[in-house]
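Structures given as structure tokens follow.
Look at the two complexes coming up: chain A is in both, with chain B in one and chain C in the other.
This part shows the complex of A and B:
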């Protein structure tokens, strides 16, 4: 009981900060409405990029459009949720350049937690909505032989996918301490990763599988779990159950992320202010 | 007249040189361009093959040219909607710019074009080389494509800078916060400019929508010309379309700047 109280007491500053962020974002109503609309449009256009391809062909990488909806829905929902909560790590280079990161060191909270809670972009909920709609459509349009195992994998896939993308943001944040000006280098893998995650990964060659299949385990956020749900064989002779390894992918990403963050923070020597 | 040209030439060179200070950023951009390029190769090649080896005039080799030239132009064509003058309008510094004996709109666009032209060196050319060496690509049959293509690229860069000025920076005279517009621009421009998929494989209605905007003039038309997808007369037609968009976008931007100057409210003091 005492522990519970202290935990609650410890969480209070974060809750207060997050609530104030939420209020501040929705207080400029016109701007917030435009933000929500743009954010939803991001999701719609990402889906349109894929739909345009299927307008020309029936099947891509062995999957039809209704099946790719499931891949897109899973991956994009997880990415949007991670982007909403951890995407703020992208602002790190700005803090590093301006020297404002040092302020965070003065407060008695862990750096990463402060950075994550320093902003939460409510507008990105609209984009997550697009992913959720695509996911539901994908689940409804396909013949899935529902069983408790299918429900379990769906839940596991969403939780692990979210964790994997969140880990990617933290990994990128750690690398920023070294790159500073070269933030786009990590965008290649964070945002490139999102782009990769929504594709039918069966079209990738082996080097792409090495990078976006395993090292940055993007194929585990949507494609591989979706294949198991649909009962489709994975490519390159991978075993049927490979989609169940999504939690391992999340653990691997977070291992990289925390190592990268630790090296980054140790490397940092202050803004000289 | 001569003095005016010299001033804008200096602004162009200053923009070019300023960008040369950010080599690490350019390298990061190149890594991103190449990674996205390889992913586009995988999915677009698969689409062409699934369509039977030819899709709306694109075979695998021409698709490769499209992918690598468009990736290469990504560092130069402004599809992100960020332009320095937008911040100056927001925080009121533009009041100082209005006191200078220069046109605010033309100066902002010229500086932006200078920066963009520099990016062709560390990002544009290497992207095309990497794509050509690693994946291979089709080359145009007639050498005029390179000349007309170069003109078209410069026009495309200028149209993009002028459009960002019009759609993101100039509304700042009336709105305090233009970040929403910037995001909206970023979302729409890439798709309609043909960055992810050539607009020629869009469904017809969407292709018409795209062509009714200045966005294909920024990326799709220059790529069409330099990849030799269109012949010389086709290229001249696309160049004329680009020029028309530049004139239109520039004129409306100029009108908004003049109206905005009368309306400008500098907050704080």
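This part shows the complex of A and C:
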């Protein structure tokens, strides 16, 4: 039935919901400004943390402050953008309690798409702004041998990093179908993952690499692409080009996310037990 | 599908839940689970245009049935088709033909004006600009929503919100409308308005109605068929008169008399229930099968001057209780 629709017509439901969310958040100017300011403050504090850390050690994990700034900027920008557009997905218990998910079942769109497009946190734009400033500063302060490949990798890294964090939120949502108080568990990986992603991953030990390097591929959202841009060798004898695998990391995360969501929905409907 | 194909058809529809058994000790509790049968071998056929009351105690299986009809829950056994579609597999196509009002779950956006919620829902159901305009106008007029169309949903009274919820569920002109406790908590006037609207909607559009309710008034004014469910099983399927006949439900005539009167006993097919204020107000139960309120009133009038009267309908809880008791 929906197959013959144009893309524009297919997007109509999602556009209508998102536009209304955006309007309602920005319609009270003073309160919206306050939201933006507080969100920016969170971003600035997290950046300051990196800076304080650096002041005590000059060099962290083989990187200087300006280089760490690039790692932080990349990872934090990606996370903030994902948090803005997908952050509500890991609040699934709220949707379950309010019966919103049952309401989604009664509408002719896919459940996950409805969930994703049911909200957008515009205030997180401010935090993404902090990430973007850090990224630009990181790019400017370092001697990067710019070439088309560098530009391409930068774009790939941002898109992939955004997708990876977005996938983390969806994964968390799927898991929360099963776990009571599941947010406690998933937060450790989603927000812990964000924290890990903004650090120079060369300081991680091997178990940490297993978890946040590969299983939840946080190292691919900032650290590894940044190393390639900077011309610094990756740790643990990884090949130079490993930073180019950021899109693979995104695909892997989304594979986990969609499986998690699918199992979660099956569990909710009671089909697969 | 044709005009006579059923809107709802279930056959041996069963849904079980695995629940933790809390009656055993703590060690076994974690391991031992028991099976709770929420809906048990339900076989029902509802034709187009019917208006069906689905009644039963809390936890009897009403919500579980509705969730299986709409594709939210997968049946454990048995089959179900709604509007000729398989609810779980064809959920998205079915959503275009079914509208559901859950008393406890809102389809509206609480921080947006009612009008805005309708606009979004029109986009969700991909209504054309003309269809959206016409249907919205129709619903606004019939449900008398013009005065609060620009009000954010969170500021609406319960009665206004329920009207908006009903409009939201009906905006895409569904063939089947399922209402879960639509009049709960509403005042008399709001209830009446909502019922009148549903009657008119059914008459003009041939909409099939399925509603769960604890309100006998809903059943009497809206439904021409009643299903009673008891512990997941169908306990009664028929019309209201037959239901009263089955359980022998009595109506109660309450009369206010001009002066203190002796208890009005001995009237044909009537039972004296109680007297208040030295017999100024008396309550008489009568069997609607064998006599009428008018006849009872005439008999009362021979003995005393009647100032005022009300007729109490059998309470739905009472009817359900009697059915349950008869089955046990």
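Rule of thumb we're sticking to: the second predicted complex is superposed on the first by the 259 of 273 C-alpha atoms of A that agree within 3 Å, B and C clash if a C-alpha of one lies under 4 Å from a C-alpha of the other, contacts with A are read in each partner's own complex, and residues count from 1 in each chain.
We adopt the following convention: a contact is a pair of C-beta atoms (placed from the backbone, for glycine too) under 8 Å apart; a residue touches a chain by one contact, two chains touch by 3 or more.
In this text the structure is predicted, and so the values were computed from the model without any measurement.
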{"item": "Which superposed partner A:204 touches (first chain B, second chain C, both, neither)", "value": "first"}
{"item": "Which of chain B and chain C A:34 touches, first, second, both or neither", "value": "first"}
{"item": "Partner chain in contact with A:98 - chain B first, chain C second, else both or neither", "value": "second"}
{"item": "Partner chain(s) touched by A:231 [first = chain B, second = chain C, both, neither]", "value": "neither"}
{"item": "Chain B-touching residues of chain A, taken from the complex the two chains share", "value": "28, 31, 34-35, 37-39, 41-42, 45, 48-49, 52-53, 55-61, 179-189, 191-192, 195-196, 199-200, 203-205, 207-208, 211-212"}
{"item": "Chain B - residues contacting chain A, complex", "value": "22, 24-25, 27-29, 31-32, 34-36, 38-39, 42-47, 50-51, 55-56, 177, 179-181, 183-184, 187-188, 191, 196-197, 201-203, 206"}
{"item": "Residue ranges of chain C touching chain A (in the complex, touch as defined)", "value": "15, 17, 67, 70-74, 76, 88, 91-93, 95-96, 98-100, 102, 104-107, 109, 111-112, 116, 119-120, 123-126"}
{"item": "Chain C partner contacts - residues on chain A that touch it in the complex", "value": "1-2, 5, 9, 12-13, 15-17, 20, 24, 98-100, 102-103, 105-110, 269-271"}
